[in-house]
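Both of the next two complexes hold subunit A, though its partner changes from subunit B to subunit C.
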Partner chain A sequence: MAADPHTGPTAGSWSRRRFLASGAALAGAATLAGCGLGRASTPDNSAEPEQKGNWSGTLLDPPFEKPDLTFTDFDGKPFPFLESTEGKLTLLFFGYTHCPDICPVTLNTLARAREGIGTGPGSRPQVLFVGVDVARDTPAVLKEYLGNIDPTFVGLTASEHVIAEAVRAVKGAPVLIEEADADGEYAVGHPAQVTVYSPDDLGHRIYPSGVRQADWVRDLPRLAEGEYR
Partner chain B sequence: MSHRPIHLVVVLAVASALGLASCGLVGSSARASEGRLQVVGGQVAVPPNPDQAAARFLIQNATGVDDELVSVTSPDADAVAIHRSEVDAAGRATMTEISSLAIPARSEVTFEPGGLHVMLTGLHHRLRAGDTLSLTLRFAEAGTRTVRLDVVDPAQMAIDPGTDMHMEGEHDHGG
Partner chain C sequence: MSWWCSSSKQTWTWTYRPYLGALVMVAGLVALGVWWARRGRLSSASFHVPDGVELTVIEGTPRGRTTAFVLGVIGLWLCIDWPLAALGAGYLAIAQMTRQIFMVMVVSPLLLFACPPEMAVRAVGWGRRLRVLRLTARPIFAVPYAAITLVAINAPAVVDPLVATPFGAFAMDLMWMTAGFVLWMPVQCPHPGVKRLTGVTAIVYLIGQSIVPVFPGFFMTWADFPIYSTYELAPRVWSGFDAVNDQQSAAAILQVGGMVLLWVQIAYRFLKWAYVQMEESTPTRKAMPGAGTAAP
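Showing the complex of A and B:
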């Protein structure tokens, strides 16, 4: 299997080893970023000239087929995956609405990447967020959650069985929902990756957690144009 | 003139204070706070789920004493916990609750996206950009620190994967 989401250059970028380095860079980052103004909400022009092979994430060879599954979207309408994503640059991410960290960070980074691209190819990918915590991630909850991030993003729900099949189709780590504690709280494990389906209806790349906005800004327009390597 | 150095100091101090105010982040390095333990740069991104949020900050332990963060509380939420997000070998994202966190002498520990965060559940009011939120951190050696965190739009987070604070070449290839 060519696809291992953890060998890419950004894999493990949030590892514990980086804490000290990040801490030291933090004050500098804030200063350089002009207090949030210069943060990468525009394409990163200071990057090196684009080269072929200059991609984030991991190339899937062979590519992933799309799952022939039907979800329910956050308006309560059926969402037949093959039909609804046909010919579109589609980003598929599995998470849950009680996830305070990786889910909002991933989705916010994608939202800001869209802003950074502005208009044209790659500016309007179909971002699909599957709520794996089916007890709590109802269509209404998904609608509010994504509405607070980017109203163009689509929330999907399905039975646990269908979600498990979809996760298998992207060779993701199986969803893990732990027993609730006395307060009714429970931990949820979900695949950290974002799977990208190109306009040719194949999944050619996956992106691990922690991919930066500038990387999406660089990759999405090319992916929208059918490039992937 | 003997006044000039003084003016310079004032200008620098004002600039520094402005930087602090607009970024919500203490710009001066640990040098200015030698010998102290402090919590700086506290931010909370407006959460998409209004019930819960993740708080992020930097703990600077400029003392020569190993310390430990033993609890975090807030009057603004029902429950507060220290969490670490991790991605396991299978590529599964999980969160682990941490009962106490070592803050070694002369070190900085960053709470940042995809890593450590303080999770607030049962928020007492809906957070909006411009609000502040109170957090009290208790350390085994240094005692308590109460900080006010700025509630910011996610795009304005200083501690964010969007700001490139990764040290190239420092990636963990060990996995």
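Showing the complex of A and C:
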């Protein structure tokens, strides 16, 4: 030890009590500041999924009818919605390929959940991704985008009018294309929920953004077998 | 400006964001170090010792302490400020585990080593607070406290709500640092009135502590789905690096990284102990210069 331990106290101008009191005051100020400044970053919990009866998502009562619309799929072929989804467990999601957050998270969550189910009921849902940014979400772009996430997912496009009709059919928020910035980039407002059509061709549940893989793995097999409540 | 890095659910950008709490904490530590050095206490401080108190020899030179202090403060700053803390709080489990391991296994022992015994005596004294400090420096307290804290603060039920707010994220970082200090206290306590574990007992103690990260790491490695909703539902920082990859990489950092850092220090202590043993046996050999030579 460098110091002589028996040379007596060297308290100086700061006593031990003042030393500790200053530290406590600093910690208290920090805590109060933490409470006050925290509001700006508090996350929006409005998108949390509703949990009722061991289901995620929200039960639709009355259920949604399927829209009688024709899209174009990512191979450039017509995709009549009613005929192409008849009798199948179908998940309909509106988004855009330049989306930085909700779309990739939702699609990746669905893809990983599908892998998690493995085989059996619910393992092969028809996942339809409608690209609402018609200028950029061309069939080729949709194909490449979804191919990187899950090649079984189907990309759809259509005219703005058809897309608006489809959004209305699921009571989603209207598509809103924002002003482009100096680099030509722009954000697109779109419905964030996934609408699930059961094999009875009715939409019985919608799932907001924020549903987790484990929740999809629990719900999809039951939905595929016709359960929804 | 926010107080502390927390989960924002916004798209990650590499644009610097200041965090007031991190700057205040680092500035406070630097101010404390500068104040101590300017008063000339690095080399000439002293303290009163009550009669009958057996002092522990605290190793370390002023230069060594200064180096440890500088490294500890820089390490702490890297851990609690942008970008690592922001990534860890809301985007990547690997960033959060890197922070945790670094704060517990590197920053905490560096700051304990950097603390001069005179400062520890000034802060704790020789009375009731010293009795509390002696308790925390006993393995019977330190082992379960550090283990329970480190396992609990990796539980999803704790992590997800805490990282959602600046105050919660701040509390979690404080818990990490506290767990780090308690973990290292039995072998690195800066107060001369507290007995330290040395030699083989210190090595055995640290080996015991190296087992702790295995438990949370096990669940993170083998869970079927992402266990933290924060990282599962966060906007991706790198495309192709999904939540499960992130979680499994974080588990590797927790288990392998934590163990490597701990075992480096175990190896250092072992070599030092072995060197001392050899030094102690050297005079015996030198005292027998003719040993082994044949008699004429």
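Everything that follows uses one rule, which is that the second predicted complex is superposed on the first by the 177 of 229 C-alpha atoms of A that agree within 3 Å, B and C clash if a C-alpha of one lies under 4 Å from a C-alpha of the other, contacts with A are read in each partner's own complex, and residues count from 1 in each chain.
Going forward, a contact is a pair of C-beta atoms (placed from the backbone, for glycine too) under 8 Å apart; a residue touches a chain by one contact, two chains touch by 3 or more.
All values derive from a computational prediction rather than experimental measurement.
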Touched partner set for A:Tyr145, first subunit B, second subunit C, both or neither: first
First, second, both or neither for A:Leu176, with subunit B first and subunit C second: first
Subunit A residues touched - subunit C or subunit B, whichever exceeds: B
Subunit B versus subunit C as contact partner of A:Val217, first or second or both or neither: second
Which superposed partner A:Arg112 touches (first subunit B, second subunit C, both, neither): both
First (subunit B), second (subunit C), both or neither touched by A:Pro100: both
Partner chain(s) touched by A:His190 [first = subunit B, second = subunit C, both, neither]: first
Common interface positions of subunit A, toward subunit B and toward subunit C: 5-7, 9-12, 16, 19-20, 26, 30-31, 33, 35-36, 40-41, 100-101, 104-105, 108-109, 112, 148, 209-210, 212-214
Subunit B - residues contacting subunit A, complex: 19, 22-23, 25-29, 41, 45-54, 58, 60, 79, 83, 85, 87-95, 107-110, 112-117, 119, 121, 152, 154-167, 170-175
Complex contact set, residues of subunit A against subunit B: 5-7, 9-31, 33, 35-36, 39-41, 95, 97-102, 104-105, 107-109, 112, 115, 141, 144-146, 148-149, 172-174, 176, 183, 185, 187, 189-193, 208-214
Subunit A contact footprint on subunit C (complex, rising order): 1-4, 6-11, 20-21, 24-25, 28, 39, 43-49, 55, 57-58, 61-62, 117-118, 122-123, 125, 164-167, 170, 192, 224-226, 229, 232-236, 239-240, 242-244
Residues of subunit A that touch subunit C when the two form their complex: 1-12, 16, 19-20, 26, 30-31, 33-38, 40-44, 100-101, 104-105, 108-109, 112, 116, 148, 209-210, 212-214, 217
